[in-house]
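Below you'll find the structures, each written out as structure tokens.
First chain A sits with chain B, and in the next complex the same chain sits with chain C.
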Partner chain A sequence: MRQKLKLVFAMLLCSTLLCTTGCWDNRELDSLSIVTGVGIDTSKEPGNLDLSFQIASVQNGSKKEGGGGEAAPYLIREAQDRFVLGGIDSLRYGNSRQLFLQHNQVIIFGSDVAKSGVKPYLDSFMRNTETRMEVWVMVAKNDARSILTTETVQDKIPSVALSRMIMNERAISPYSSTNMLQFTSRLVDRSTAPVTLVVERKEEDGLQSLNFSGMAVFKDDVLVGTMDMYQMQGYILSMGEVNGGSVQLVTELGNADLKITKSICKQEIQLDDQGNITFKLKVNTTLTIGALQNFRSMDINKVISLVNEKAKEDLETKIKACFAESQRLQADIYGIGAHIHKYHPKEWKTMEDAWASIYPKIRLELEVETNLGSSGKISESLNMREGHE
Partner chain B sequence: MIWDLLQRKIGFYSHRQNSSTQQKSEKKQEPEKKKDPKDPEIMDQLEENLTYIENLLGKSGDIKIHRFRLGKNRECPAALLFVDGMINQKVISDEILYPILSMEYTVPSSRQDGRERISQLREKVLCSGDTQILLKLSQVAAGILSGDAVLLVEECAVGLSVSAKGWEKRGVTEPETESVVRGPREGFTENFRTNTSLLRRKIKSPSLRMEQMTIGRKTLTNVCISYLEGVANPQVVQEVRDRLSRLDVDSVLDAGYLEEYIEDSPFSIFATVGYTEKPDVAAAKILEGRVAIITDGSPFVLTAPLLFIETFQTAEDYYIRPLFASLMRMLRYIAYFISVFFPAIYIALTTYHQELIPTTLLLTIASAREGTPFPAFFEALIMIFSFEILREAGLRLPRPVGQAVSIVGALIMGDAAVSAGLVGAPMVITIALTTVAGFIVPEQNDSMSLLRLITMAFAAALGGYGICLCFLALLVHLGSLSSFGVTYFNGLSFSRDLEDSVVRMPLWFMTKRPARIAKNDMTRRKFFIPPNPRPTTSASGGMSNSGTEGDGS
Partner chain C sequence: MKAESKKVHGLDFMFAVACYIQSSSLLSSFFVSITRQDSWIVVLFALIICCPVVWVYARLIESFPSKNLFGILQTVYGKYLGNFFCGLYVLFFFILTSLNLSDLSEFVKATIMPQTPLVVLSITFLLTSAWAVYVGGLRQMVKYGFLMTMICLLIVIATIILTMNLMDFENFLPTMDLQPKKYVQATNIVVTIPFAEVIIFLMTTNHVQTGKRGFFPVFFGGVVIGCITILLVIMRDIAVLGNTISLFSMPSFETLRMVSVTQTLSRMEIVFAFILIALLFFKVTWLYYVTVISAKQVLRFQDHRRLILLIGALAVTSGFILYPNSLAHNESGQKIVPLVWPIFEIILPLVTLIIAKFRGMTHKRQTGSENQSGSSESKSAAAPQSGSGSQSGSKSPSGSGKQSDSKSPSDSKEQGDSKSQSKSGSSSGAKQGRDSQSQSRPKSSGSGSYRSQSV
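Entry: the complex of A and B
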């Protein structure tokens, strides 16, 4: 009897294991609309948002034969609502499939929305369990919808193309692009200003393409300005490890295109007794020669030392330009405030409120060291050879 | 239904216990009934004996009774009994009849003991090496039926059986299962003696034991327990002996009959008795301390105890070099995992955890799934069932037809079903990979097919959680199984066992027999003796001696 009771009990336990879970959240793939990108713009109606969801439209692979594939491989579903979630909800009606946000690649804010502050919209993305924190946050140069409707050539779905572009960018440096987690952690920091990439749609001869045109700088959650690619390179160089990118030099003797193979940077922040802050940067960059033009009848060693010197100057100006721009915008993109908060908490208390006015007064001490190492497979350029003859 | 099964299982166990006690009581009674009227001894009168045998065996055309007369003056009637077709005619004529009839010798007078007369024949006349004195008529019948010729002589109360076995048998050929690229190609046959001799030829050690017994009330099948005395665990040997002698069955037509009666867990999806068709494999297992059971009429030799890891070892692992063998062995474990869990993982990912699939892969899968009418689980079920049907069809049909079936089946399944939009292409790939992976471990093929269905059902109902439940339940079940007193899941722990489970270490590295199986004489070789191309002077001495001992022919 006891044995039997035990058995029944064990069976009951097993059945609870099986019956209380179950297939209630079972979703077949063909009942989903896989959202790959979300664009947020301001609507013409005040207070409303124009939400565009890019949905990968999937066609049965075996059926698309005979040089078809003319239709765009995605759909854009639009919704107007005060809230992001409300927009998603309003799309639920009139759509045969459920919006599936887990695979969302990018959230693109139109510049209007970004300028009015993004906090209220990020909230719903963070709160919702369906969305990932790894989604890329970007700012469109104009409106987000036009970005999502660009006809990209190789990766047909623009949002997927964008996420791949970002991955390429991150191979060089992880500091220019931000995902939602990084973006919001900077927002929480309060003194540090988030940065993201600015994406721009270009159209030439009917050929559309997407491009990163620079870096958007936020102050708190409001877009205050953009830096161009020139300043952006200065920014990533001063933030830490850089594994790529090029430096183009135009001199009187000839032109050179240098590749950055590796660049490391040491940041140091000093706070003296008077409350003056010094931001010390030690950048050590290794470059290789990508191309040399002209430098007629010059010795290669001389050319290298000349180019090296020029590269150093170039990098210095870039970094300084970036720093100056950030001071002009009063946006602490380097996290100097966070550093002081961490290591000098007493002083920080007095600075915290006036940080926006203190930040522009920070002195930059820059030390750039460039090593022009390898010259590639050949040493002298073809032009230089001619000069010898 | 499960309840019913459980009840039956409990009933089965209780019955087994009862029957064993009954058998003990029967054994006690045995010595008392010596003179049984149903089992008479051989009588003095030849004709009486012959009529008894004729009555016992009925009118069977193949049973021959050859009457003739012995002695100088042909005064003594005698008869030779045998079954036509089971004896070698040459042996009958050259070794039995010719010496008896041609040699001039006097039959001892009738006053002498009959037993004496027969032993005279046996010692002086017959040219056969395998003779046996029979006392009972039932022994005579059994002797005839097992292929011996029995000589009965007037006024001798004993018979003489002479081995003259010679029937049609299949030669030693390469087995179709367990085929190897490198290694011995001979396989066991249906012939009992051939099989035992194949084993003897592999292991010439005097301590190789072949314990013979007869099982099956009607079939009287010869069964032989083979093991290495002093290496095999005596308890395991005793257990095998007990289980076999406990059997009271009607017939044994194949080793599979025995396996079902002696295995530890009859309701498990895992077999706990191994089998092999190759003498080298059987020999290797005996050398590891296992027990082999040879059944007359079956080319499959059972081996016990069986471990889970053993099914992942193949004969060829030991004949090719260890690095590649280890790689292949790991591949087999991976293939096993794929074969059991891959469809389940696919179902769970596409119906519950779409967020776990990389985006581009998800889009590819989604576009293939688009427009297919069935849910992923049913799609998988359809594919697996049609595969199993195809396999079964190809297996039973004659080979040329079987090929046609598989080609048509593969075309319809693989191509037409996808292009008609009934099944998504990724599912076809999944099932194809799954089933092909299943063939890498042939010994676990049946367990894999069953497990696959179970994991799929759980994945369809519970997603990844279901797969985890299945995996845990599988581990628990595997851990609870045992085979002849040895834990089935042995060999995967961090111990010396690993040298021959996940990887195959070089032969010179494996100096000890597997600890969980062999009992005594654990050392295979004394030290690690890695191959050395430059032998030292002391090492060369021992080699030449051992070479002359073996007589490989």
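Entry: the complex of A and C
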């Protein structure tokens, strides 16, 4: 009896193994459309979205849409729907493969969608178990579709190219680029305004390229303004550590192109008894001379002193311009409110509801120190030599 | 699981307790959504509150060294009330088994196999657990617990190192900024759901040999190791996810999905999924085993193995009936369970201990040698409790099917004179204890004990 029971049980287990081999979830590579980028634009039909899915071509033989027969490594699948999930679902009817979002690199919002609020669309991606929170979120200067259809030269798939561009940007500073987790975190925080990179498509001499043109500033989930690269540099310099970038100076005596080797910023937020808030920034930047033009007949030490002074002024202007713009937009991109919430929770309770009106009244105290560390392989420029004996 | 002829070492038992608590790390969303960045403090509060609870458990076991939880309840409350409480506990263990089986299946479905029907996953896990309950042994099970505890700790530490670049320690601020009632609610959840669930181990403590130090260090050690693991997991998740932690139904899994040290060292969540499945399997198997042996004891079955598939089928079915979806489960985990479970986990054991104390049923903690010999003396009670029932006529502990007419000491005058019984046990030693297994006869069937079923 016991032996029989054992046998029955063993057979039952073996049949379980045979019946439940995970066939329901098998996904072969040739049955998947691997999405590398998603673009969301407003549709001409009110209330609808134009969704563009960039799909990496597994076999490098697909034809680019509208192209001259050249093989392209990606396809663009488009859908029109009120919801993101609905769009994905509608593509089932016109696609032999299933969309697979695990390897999605970027979510690009068209500027129109961003101006109307992005929360409803982020919700779809956050719920989807395939989407990762590390996916990059960005805003297209115009429409998202044009970004995904750009013929990038080096990295053939635009979304992959964008992802690599962001990694390069993050090597300099991690503060301007935002992934879905960081974006959501700022949305949950409510006082801190999310920022993302703005990407635009450029075309010169028939050659297309993608370019970061600045930083999009959101208030809650609505795009309220964009900052140019000048202001964006001011932002990243005031947020913490920066490991790159350049400072271009134009003076009456000559021009200089300086490279930022390292910049460290220490933030301090002070609250006085009257409830006034002071945002103190201490920026210490080390620069090297990348190029000197003119400064005819001047001594190198004098040039360095002059350039150092001008660089300091330049950085101060950038940081102040960025701060002023954020106050104009009433968007706390620095997380000052979050800082007060964390370190002065009692005071924060009185400020929380009126934060949008308090933020523009915050006083900025800025202290910038610049050090010209190195002049490169040469000291004096060729122009400077001209005046000497 | 076979009834054990040898005792389980206290240290092994401690790691089994630890592993059981570690396996609950998936359920962090129950309280993380309430206390958010302060959830780690709540885990510490829960540990402090668990201290007296575990002491009550330990005291209860040491007061009735040869009995498991049901034996104690029947001794203290008598035949009818004792059986009533035992019945309630069977229901409690059964619901726990069902819910955890459901959690395990839903986790696998949500993370690895989204297309596979839930019922297939549930049945597959249950059959594997059933196999473990049928042929496994308590000793093997606790060894598995030690291994899993160590692997889990290593993986948690490794993931902390791998997510270091994503951590922001300002995410822990502000501390203690929420309403006090939220801390109370969350602490209650942590105490109730993972920590005090270790009451299930009271069904097997009569197989454990703890030595001189008694049960408290064993139990509490396990709770502390489990607590440290959960604390590390929660702190890691808060540091990585920040204020978004309250949004996710599985924060730990989302944290692991963020790991991206290099292109090659990314997308490692599958490692976490495997360890969590293994831990949850351990938990489900323990719960399943305890449910089976407790049902056997209450229903007076001769062989617990006859109940394995029946209870398993009921557990799978009720898993689909208890909650319509995971949101309802979450809601219940936050609002209903923390109010109901403490009745079984804290109030009943405490009341039992107090009553036992007032009725003079408790006796001083035994020394190591007494405990050991007392335990071996109690084999007739202990082994059949898992193998074929302490209050019923039993098969031999080896489960060979050879029947004996032995009766457990709990049937005898132990409830009235347990002290003298333990003394005789200590003096007789292990060998005599084995002899007594076949020689002992029931002496009474008064209140506190019940007549065994003839075989």
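Keep this in mind: the second predicted complex is superposed on the first by the 356 of 389 C-alpha atoms of A that agree within 3 Å, B and C clash if a C-alpha of one lies under 4 Å from a C-alpha of the other, contacts with A are read in each partner's own complex, and residues count from 1 in each chain.
Assume a contact is a pair of C-beta atoms (placed from the backbone, for glycine too) under 8 Å apart; a residue touches a chain by one contact, two chains touch by 3 or more.
Keep in mind the model is a prediction, meaning the values are calculated, not measured.
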First (chain B), second (chain C), both or neither touched by A:Q105: first
First (chain B), second (chain C), both or neither touched by A:V160: first
Partner touching more residues of chain A, whether chain B or chain C: B
Which of chain B and chain C A:A56 touches, first, second, both or neither: first
Chain B versus chain C as contact partner of A:Y230, first or second or both or neither: neither
First, second, both or neither for A:D30, with chain B first and chain C second: first
Residues of chain A that lie at the interface with chain B and also at the interface with chain C: 22, 25, 132
In the complex with chain C, residue positions of chain A that touch it: 2, 9, 12-13, 16, 19-20, 22, 24-25, 126, 129, 132-134, 181, 184-185, 188-189, 341-343, 345
Footprint of chain A on chain B - complex, ascending: 6, 350-352, 354-355, 359-360, 362-372, 375-376, 418-419, 421, 425, 460-463, 465-466, 469
In the complex with chain A, residue positions of chain C that touch it: 110-117, 120, 123-124, 127-128, 131, 134, 170, 173-174, 177, 241-244, 246-247, 254, 257-258, 260, 401
Chain A residues within the chain B interface of the complex: 7, 17-18, 21-23, 25-30, 32, 34, 36, 56, 58-63, 100, 102-103, 105, 132, 157, 160, 163
